[in-house]
Every structure is written in C-alpha cells, then in structure tokens.
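Residue numbering begins at 1 within each chain, and the chains themselves are lettered A, B, C and D in the order written.
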Amino acid sequence: VIITHSETSTGVLNDLETINSYVKAHGEALIIVDAVTSIGAVNIPIDELGLDVVASGSQKGYMIPPGLAFVAVGPKAWTAYETAKLPRYYLDLGKYRKDGAKNTTPFTPPVNLFFALQATLRMMQDEGLENIFARHQRLMSTTRAAVKALGLPLFGPDAVASPAITAVAPPPEIDAEKIRTIVSKRFDIALAGGQNHLKGKIFRIGHLGFVSERDILTAISALEVALRELGYEAFTPGAGVAAASRVLAES
Amino acid sequence: VIITHSETSTGVLNDLETINSYVKAHGEALIIVDAVTSIGAVNIPIDELGLDVVASGSQKGYMIPPGLAFVAVGPKAWTAYETAKLPRYYLDLGKYRKDGAKNTTPFTPPVNLFFALQATLRMMQDEGLENIFARHQRLMSTTRAAVKALGLPLFGPDAVASPAITAVAPPPEIDAEKIRTIVSKRFDIALAGGQNHLKGKIFRIGHLGFVSERDILTAISALEVALRELGYEAFTPGAGVAAASRVLAES
Amino acid sequence: VIITHSETSTGVLNDLETINSYVKAHGEALIIVDAVTSIGAVNIPIDELGLDVVASGSQKGYMIPPGLAFVAVGPKAWTAYETAKLPRYYLDLGKYRKDGAKNTTPFTPPVNLFFALQATLRMMQDEGLENIFARHQRLMSTTRAAVKALGLPLFGPDAVASPAITAVAPPPEIDAEKIRTIVSKRFDIALAGGQNHLKGKIFRIGHLGFVSERDILTAISALEVALRELGYEAFTPGAGVAAASRVLAES
Amino acid sequence: VIITHSETSTGVLNDLETINSYVKAHGEALIIVDAVTSIGAVNIPIDELGLDVVASGSQKGYMIPPGLAFVAVGPKAWTAYETAKLPRYYLDLGKYRKDGAKNTTPFTPPVNLFFALQATLRMMQDEGLENIFARHQRLMSTTRAAVKALGLPLFGPDAVASPAITAVAPPPEIDAEKIRTIVSKRFDIALAGGQNHLKGKIFRIGHLGFVSERDILTAISALEVALRELGYEAFTPGAGVAAASRVLAES
C-alpha cells in the first residue's frame, strides 16, 4: 500500500495511523509512505508505527534545493527487496545501503547539497523538532482562520488539514489564476495553483519549511489587496489579517 | 547654510526649494545639502536649484552597505574651496576631483562596494528614477494611511512627510521600545526607535531604498499584532492593513 | 555497444570513431557513449558520427555541481526504446522527451543547477568551443611533457591520452598515496588516486573543465616539492616546470 | 616621528626597534607607525616598544576588503591629543574612543566588514599568530631564493626585506610592465608595478595576508614563462621553482 501522507495538490493530510493499522491487520502487505511534504511538518514515528518504507526529499521540509532523497527502509521491506524481481541499477536501494555503511555513495551525489543539508540540519536542531511541528500547526491555523474570515471556502475540512499547505477556493466569480497573478506581480509572492481539473478552481498557500508567521501575515495582506482589486467585497477590509493576528496573539 | 534634507530622526522632509531660495537671495552664502536619506527617494534637481554641495552615502537610497560617499560640488563651492583655510588631507575634496578625472582615487577605496554600486545602479536604471520616486511616495502614503487607521499620531504633518521614513507616536500608555521588541523578536522586522529625548516616545518605519509594497503590508500587520499583544484596543482589528491595501489598490 | 569515451580511471581516450565504425558495420547494434568526462574536452560530432545515445553530466566539462544529466538520443535509439521491455519510471527517457517539449520536466529537477547551467553555458560560449577544446589539448600536452621531464612513466601512451585527466606512475619505491597526501596537505591540491587494484600504483592529474594553464604549473611545482620531500632525486630540480613552461611558451 | 613600517613601494621593512629607540631617547617626540602592510606579517609588540600610535587597515594582513582602519593610541598620544589644535570632526579619535567604550561608533561604519572581520579573526586565531608570522617569513625567503635563482636583482637587501612584498628588478633589456602584462593576461596573476619614477623599473610580488606556499610556486612558475616569452634566457629553465621548492622542502 503506497500512500501520500500530505497531499500537496489538495492540502489534505491523510490519516496515516488508521491506514497503517489496516495494512498491519492484513499481515503481509507493506506500507510505503510518500512523506515528501509531511516530514518536517508533522511527527512521523516511523519505528513506532512500523512503517516499512518512508521517503522524502530535500526540497520541502528540509528547506534546501531538490536533489537529495531520503528513504527509510524497515526489515520487512528489506526482506521483500531480496526477492523482488524488478530490474534495478541506479535506484537499487541495496547499493545505497551497502555504500552508506562505508560512508560513501554508489554514484556521484550532489555534493553541494550535502553542505546545504548540514546547514539546514543545524538550523532544525537549533529550532527543535517539537517547535518546528508547533510552528507548522500555528501557521496552518493562522492561515485557515484568515481564509475563513475572508469568507472563502477551504478546500478540505479542518480535521484533515495539512500543516504543509492550505488549498482555498476563490469566490465563484473569480478565477484563482487571476489572484495568483496579482499576488505574484504586485507582491512577488508565489501562491500555487490548482493542478489538472482544479486549475483555476483553487489556489494554495504553502507554509512548509522555511516559512514564518510574518510570511503568513504578508500573504494574507497581499491576498486581501488582490481580492479587493478583483472586485470581491464580501469581507470586512482587514478581516483576514485581523483573524490571523488574533490566532498569533493567542498562541 | 547646511541643511539636512530628509530628517531621519523625525521623518520630516525639509522644504529644500524654499530654503534654497532664501540662501540664493542672500547672494554669498553657500547651500550645503545633506541628502543622505533623500537621494533615491525624491528628485533633487541639483543644477536647476543651483545647490552648491549635495552629499549622500551608499547605504540608504543606493541600497548597498555603508562605505561610499557621493558629493556633488558646484562652481561656487569650488571657489570657496580655493580660499578655505581649514587644514584637510584625507577628506580634501580637491584630491578626489583631481584623481577622479584620471578615473582613480587618492586613497584606497572600498573596492567591494564599487561592484555593489554597479549592480545597484543597474537595478535603479531598470526600475527607472521616476518609478523609484513614485514608489517611495506610494510607500509613504500607504504607511501614513495605515498608521492613521490604527489611531496612532504621526510625528510630523503630512505636508512635510519624508518619503524615506515615517515616525509614529505610540499610544500614551505604551512604550515605543516594547512595540519594537515584539515586532523584532516575533517577526524579525527592525523598526527604528526614537533618538535621544525621543527614545521610547516614537518608533519609526523605514521605507527607503530596497523596500516594497509587500514590506509595508508586512510591517503594518506585524504592528497590529504587537499593539494587540500590548493591550491597545482602540482600533478595529485589521484596520491598518485595510487602509494600507485601500491605498495600494487605488494607486 | 556501450563505451566509455574518456576513461577517467586510466586517463585513456578511447577511439570513438573507429569503434563506432565497427558498430555501424554491424548494422543493428546501437552505440551508447558515456561521454561524462569527454564532453567539454573534445569535440563529439554526435550527428555526423550517428551516435545513438550520448550521455554526460553537469559535474565535469560543464564545471557545475553534480545533479543534472544530459542525454542525446537518436532516432534509432528511440525506435529501440519503443520496444524495450525493461520496466522504467523515474529514468524513463520518453517522459523527459514528452515534458521537455513543453519546457518542463516530469519530476522535480534540481532547479538551483539550472541557474548554474545558464551561467556556465554563458562562460563556455564566451570562451568558444574551439578554444575550450584547444585549451584541454594544451593542458594535456603541458602535463605530459612535465611528467616526462620528471622521469615518471605516464600510464597510457600519448596516442590515446585523454584531454581530461593524466594518469602517472610514481617512482617504484614511492607509494602514490604519499604523493597525494603531501600535495593535498601542503598545497591544498587534490590529485586523484588509483582505483581498485591501481590504488597506490598511480596518481592522476585532472585537467577537465574549470582548469587553467596556471593550475597545471601549480600542480607540477607542487609535485616537484612532494617528490623531493619523498627522496626522489632522479630529476633536475625545476625540470617539470621548465618542460611545462616550454610547452606553454610555444603554444 | 611618523614612519612607514613596511614600505610597500620598495619591499623594505624599516627597523622599527632602532628608530623607536632614537625617538624614545629624544623624550618628547611621539612615534607614529603606519603598520598597514606589516601588521599580520610581523610581530609588533606595541606596548613593549611603547609605540604611541600604530595604524593599520582591513585590506592587507587582515585579508578583507578595505574600509576599516585600526588605530592603537597610547597614553602619551592621548595627552598630545588633548592639546592638539588641528580642527577635526569625522577623524576625531576621541569620538571613536568615547563611543567605542559604549560598543558603538560615532558615525555609520561599514557593517558588512564587521562580519568579514569576525570571520577573518577566527581564521587568524585558528592559524595562530606565530604560525602566521612564520608563514610570511617562509613566503619571503622562498620568493627571494627563487628570484635570485632566476638571476634577477632584488630591489632591497635581505637584511631589510619585507615579509609583505618583494620588489624585483627585471633584466635591463626588459620593461617590468611587459612582465606584468603577460603574467596577468596569461595566468590571471596580479604583480604590482613600480610607482612613480620606479614605473617599469621594478615589479613586485605580494605575499601578505591570504597567500600560501602554493601561490608563490605558481607566481614563480608564471614568471619563468613570462621571462622566457620575453627572450630572457640567462637562467636554467625551472631554476626559480627549483630554488623555491628547495626552500619549502627544507622548511
């Protein structure tokens, strides 16, 4: 069973624990977790949950450029590896395990990112994992409170909200792409758009990794200006920032 | 007559044109303008006004680190220079004129800033001087509108407002330094404090040089959170950002 | 037929043209060229030779960190691709072709290297491909002349010498690793060692990519100091640099 | 008495101790030392010698860009300061002393260089002052031995040689500027030229601050190539590097 823990396209955090319990109940199936946008935002107790494979990348919660992947492989997965028939060479995990034990890599790695990783791990250690998780919760709550105060529907319910990204539906009469364009051109802020059939239907506010409370205040302020420019008036001016600052002042 | 064009300590832009007309009426006096925080924010037609000496530095409107000074010296000032009695060596403008003509400098200059200057002048050329001046006007108006909407008194009247910096008096019961501390610690934003007898009485929002509309929205949002945290409730939450975004949406 | 054009481990440049003519004579076989350390050092007329697949990476002749691969695929290879049975996903060339046509990539690429690539391609364009190839020839000749003047055997004959790297056998009584250690510790110059069974038997002087005539002079000078320190006296002091500078002065 | 400790223009290190003893014998005179190119290359026991004023800058032994000056002022000099009549403002040492005590500066300093200074002081601490001085002695000896081996006259005698820079007279038939041009164009190495009446008569090899043994080997190798190109043949090819490497191998 392969699951994407945090769905970047919709801002939904899947219930890893419950899904995992069903996989475990099956007995034989492996659980393989795409944790690319959840690691660094929420705690993933890999060993405690007995997750078989958990994979992530350098470019999200680790806050550095893309180019490194991190894969945790458990004993049951290694057993499956031994009998797996799929031909493999460059992406052969066994090679990486073998060379990793000798503190090297089977192929030329992006060495520049090793330096970046060292720097970012120090930053993460300084902030502390618990604080990092709490910050992501706070950024998520702040963003969602602000969006609600602007009268815009959130794409997913609070119960499954991802601490990495918040998907928002614009007012029906406004194309999400127009909001993105104004916010980008005028304020140099990149909001993600909807993918495939959601294009134009939603925009997404990322709050994963190197993001601060200040960035959320800024994004909400910019969003207010963009909505106003596009003629949307169903909110008290400043209500988004007011809601955001209320959450921040209380936390 | 030596005047500071833009008073950084109070956020006041002196009326250079009027003062200059009185100096010119005198006939003999020179006008020497400290334009450190006005060059790059407002137009200073040096030749048209017949300003004798205009001095600025690299670290304000030019947006690069401190270390370079720019001095424009007119014919009348050079005449005064010839008969000036003050001993001089390192700061002898004549040396710089002489060596400048040979494309060199009399003493070792901070060469690293020459590269920075080249980069920043290209940026300024790309944006265009008129656009730069307009941006500073817009940032000033936005900041002032937001501060008024929060019910806080501006330190100087609109008629003499500096496009470089806005000085604000906090609510009487709140020490300006406390606002600065929260905004700095929580949002990593540096507001300037009051100097000398104004310490604690005002705080100042800089908008000179490498500052965007986004930065002002951010600063106002952060200010709202800080005021709320300090118990100041005499404003509708979000009113500052609402006022700011109104100005931005209209400009 | 898969061939490594420039053998980094031995400093040998394989005769691509001849090998290719045999492959072409066969009629059906594809020729797949690992050009990682030859592209950027010698001309590879891919279309003229009708090479089916030519692959390189960002970290050699392109002078930027590892992380990007460049693969040229000819029509015959694409035909083979259509019927190939090997399962593929991340390394599926077809995905890259399809997305490349839309100016995007199927998976998150190391975007930081795109900026580096743009910078390095401008540098290469400024120097000119012919000049780049000539520089590599000159560096190779200079290095080989210097090594001969020091009385050390070159690992491969001149006729098949690689313009990317020169492998050298140390005097029999001296471990190549000792030379590498001195040159590294004392002069901060990285010479490559021998791989596998050649470890200790050879050392290698790289001259691929961002390497200048000055670097070769420096490496040879450092090598002379190291040899002297290790008690090797079978060369006139300075002979290596003298030979190198003779080649440079004449070219 | 104002003396320049290390004369950059001629590569001569003045005998500070002897000159100082005469100044001290006078009783009243102050000794003011321009140590710009000696601090960081040789030990200057300011207190022990009772030097009244010692001045240096950031751009030489400290290895960072120009922009900071360091001035040590002794008690006798401060007494003279109290009664000095020369008008002063920006360069008034008293202002710096007063503000320095409060950990600030009287005028806007080049803050970027404060960060650079912190980095460079850590580097200097890691290397150790004694090692830094020894390195400069070694670089000086190496350079001088190499120049002698090339048959070129050194501008100053060994007894007064500066560990910061070595001035060399080219062969009579060769203009020093031509040597500098080749070495710069071909090898991207900047040799200093002669100043004023020495222009064309000497060139100077700097070895102050961020300079390693490797750099000297490189410079000598490049010099050999340039001399050969200019038709100077009165030296055994490689003799300069041979002499340099002999000194390095022995030290």
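Definition applied: a residue touches a chain if its C-beta (ideal position, glycine included) is under 8 Å from a C-beta of that chain, and two chains touch if they have at least 3 such contacts.
Note that the structure is predicted; figures quoted are calculated from it, not measured.
J.: Of the pairs given as B-D, C-D or A-B, which one copies A-C, with over half of its contacts the same by residue number?
T.: Comparing residue numbers across B-D, C-D or A-B, the repeat of A-C turns out to be B-D.
J.: Under the over-half criterion for shared residue numbers, do copies subunit C and subunit D use the same patch or different patches to meet?
T.: same
J.: Can you give the whole-Å distance between the Cα centres of subunit B and subunit D?
T.: Each chain's C-alpha centroid was found; their separation is 40 Å.
J.: Round to the nearest whole Å and give the separation of the Cα centres of subunit A and subunit D.
T.: 55
J.: Pull out every residue in subunit C that's touching 2 or more other chains.
T.: Touching at least two other chains: none.
J.: Can you check the complex and tell me which residues of subunit B touch subunit D?
T.: Residue list for subunit B touching subunit D: 57, 59, 65-67, 86-87, 90-91, 108-113.
J.: Touching residues of subunit C toward subunit D in the complex: what are they?
T.: Where subunit C meets subunit D, its residues are 186-189, 212-214, 217-218, 220-222, 224-225, 228-229, 236-246, 248-249.
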